[in-house]
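You will see two complexes here that share chain A, one where it goes with chain B and one where it goes with chain C.
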Partner chain A sequence: MEALTRIARAGIRVAELTAAEEKANSAAQMAGLAYGLAAIGPGVGIGIIFGKAIESMARQPESAGMVRTTMFLGVAFTEALALIGFVAFILLKFA
Partner chain B sequence: MISTQLAQMASARVNSILVQATEGESTRGFHFPPINTLLRWKDITPGINKVVLISIAAALIGTALFLIAANRDHKTAPKGARNLAEIAVEFIEKNIIMETMGRSGLGWTPFLLTMFIFIYICNVPGIIPFIQMPATARMGIPAFMALLVWVVYNATGIKNQGPIGYFKNVLFPPGVPKALYILVTPIEFISTLVVRPFSLAVRLFANMLAGHLLLVIFALLSEALIQAETQRIFLIPIGVLPFGVLMFLTAFEILVAFLQAYIFTTLTAVYLGMATHPEH
Partner chain C sequence: MKTTDPNYVNVLSMHDTGPAPEAAIGRDIIRRGAIVAPLFIGLSALGWGANGAWSATYGLVLILANYGLAAWLVSYTAKISYALMMGMTLFGYIIRLAIIAAAVYLVRNLGWVELVPMGVTIIVAHVGLLFWELRYVSLSLAYPGLKPKPQSQQESSSAQANSL
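What follows is the complex of A and B.
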């Protein structure tokens, strides 16, 4: 009888452990997925910004200074989304 | 008898699962330390740790540089500290203020210069050997700087346009059809008063943290490969690759440290310019 209760207890412990483990594992996996998804849009966006900026600098080299400032502003705004994704990654993975 | 054996087997299984759970995945020789050992430092005295020391040093170095520069003879050609200070002032005036606010914004030079120098000197320790911690990789400094910028640009707007005029310009931008204000006003409210300081803080913080973690990962990876215990003939040459990436990333971080200080200052200038001269 005592042995049976031990088995039952062990079973309960295994079940609890795997539930907690599963949660942590899936959170860690979701962290990678979350960052990957967050990087798609800003990646395309920054590519477009730089491409257009290079195009306009090549067409009008005298306006390069102004274009560069505006380009960095645009990059900063777009990049913020990817960085928020990175923060979400850190929170899911470690917090 | 059988049940006792069963119980022993079960407890052995539990123990093995526990051991697996505590040891983590089977990445032999490569142990990524818990995030707290990378970002939390032991307190030297209560409330003062490495990050605080770096930020205090940044403030002192910046102040000292400009005090020394100001005391130099200004009639002879500038050299040394004065040269550096003049380059910094000229950079702020020409590349940040003139490009975003125009001539009328030149009065903001001291504020923006202080902000730029402080953030830059806080960022640079991320790549200085044996210090290797950007003070801006903790949320405290970026959050406080963003809050300061938020207060300053709102106060500037209220001072220049009056409280009613400022909030009218922010919440009801002119030139929008009246029916659209239902949609535009909440968006403008959130983007101007909430998202701006939040993204300003998160941009600086996350960029520096990401750079710091990348350096940590590649340093640990090359260490684990070069000091591998088995199959050294294959692993040591492979370990040169992450070391090369580490060198490249360190050079890249020099650029990022400058770029983030530049972007933070430029955005502050843009917000200040918007608050001073509203769009018509």
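What follows is the complex of A and C.
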């Protein structure tokens, strides 16, 4: 009887460990998915910024320097969103 | 698109001939990053010890290298053609994110790495330096990049004397 109880307890412990591992794996996958989603928005944003910059340079070539400065700063601001997603990912997955 | 207008110029076939404003901004951001580096390193050292200081330094170097690479890619490719600049800006975003991800992934298990101060430094340094830099950007047709440095009284009076 005692042996059966031990086996049952060991079985429960293994099941608990497996559930914890599954939870950790699922969290890691979700973190990766969140990083991927966080990178999509800035990607679209940078595309729009650059498209508008090219349009502005075509309309007014003399303002190209000013447009490029605005574009550079806009891209850097947009990229901050992706970096926040990346940092959230590494903290969720590895910390 | 074909056109019969003799004055038609495709902007993608044009290239930059003047100074590169983003290179000046990139250099200025790196200079300001070096100025505030002791603050980030000190705060991380207070919270996480020597490991935190090393991690904050690593995060800051990543961000400054990211700014430098972004500015160099845009200014270098703009001198070749705007079409290349367009491609490099869009792909450069992916490349730079991949470099940062790889740089953090490779060191994540090393003994001196503390992910929290590194991550906080990456975000705060990136956004903070950008907001700080906005104060020094001119954005005018005469000065498309940084604001001109104010001339001192002595320099301006000597310049006037020379012109006379």
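Just so we're on the same page, the second predicted complex is superposed on the first by the 95 of 95 C-alpha atoms of A that agree within 3 Å, B and C clash if a C-alpha of one lies under 4 Å from a C-alpha of the other, contacts with A are read in each partner's own complex, and residues count from 1 in each chain.
Just so we're on the same page, a residue touches a chain if its C-beta (ideal position, glycine included) is under 8 Å from a C-beta of that chain, and two chains touch if they have at least 3 such contacts.
Values in this document were obtained by computation on a predicted structure and should not be read as measured data.
Looking at the shared chain after the overlay, A:Phe94 reaches both chain B and chain C. Look at A:Ala80: by the touch rule set out above, it reaches both chain B and chain C. Of the two partner chains, both chain B and chain C are touched by A:Phe72.
Of the two partner chains placed around the shared chain by superposition, chain B is the only one that A:Arg6 touches, whereas chain C remains out of contact. When the two structures are aligned on the shared chain, A:Ile54 is found in touch with chain C, with no touch to chain B.
In the superposition on chain A, A:Glu21 makes contact with chain B only, not with chain C.
Contact with chain C, but none with chain B, is seen for A:Ser63 once the two complexes are overlaid on the shared chain.
When the two complexes are superposed, the chain touching more residues of chain A, out of chain B and chain C, is C. Overlap of the chain B and chain C interfaces on chain A: residues 65-66, 69, 72-73, 76-77, 79-80, 83-84, 86-87, 90, 94. Per the touch definition, chain C reaches chain A in the complex via residues 11-12, 14, 16, 18-22, 25-26, 67, 70-71, 74, 78, 82, 86, 89-90, 93-94, 96-97, 100-101, 104-105, 108, 115-116, 119-120, 122-123, 126-127, 130, 133-134, 137, 139-141, 144-145.
Of all the residues in chain B, the ones that touch chain A in their complex are 3-4, 6-7, 10-11, 13-14, 17-18, 21, 34-35, 95, 99-100, 199, 202-203, 205-207, 209-210, 259, 262-263, 266-267, 270. The part of chain A that touches chain C in the complex is made up of residues 39, 42-43, 46-47, 50, 54, 57-58, 61-66, 68-73, 75-77, 79-80, 82-84, 86-87, 90-91, 94-95. Remark: chain A residues 3-4, 6-7, 10-11, 13-14, 17-18, 21, 65-66, 69, 72-73, 76-77, 79-80, 83-84, 86-87, 90, 94 touch chain B in the complex.
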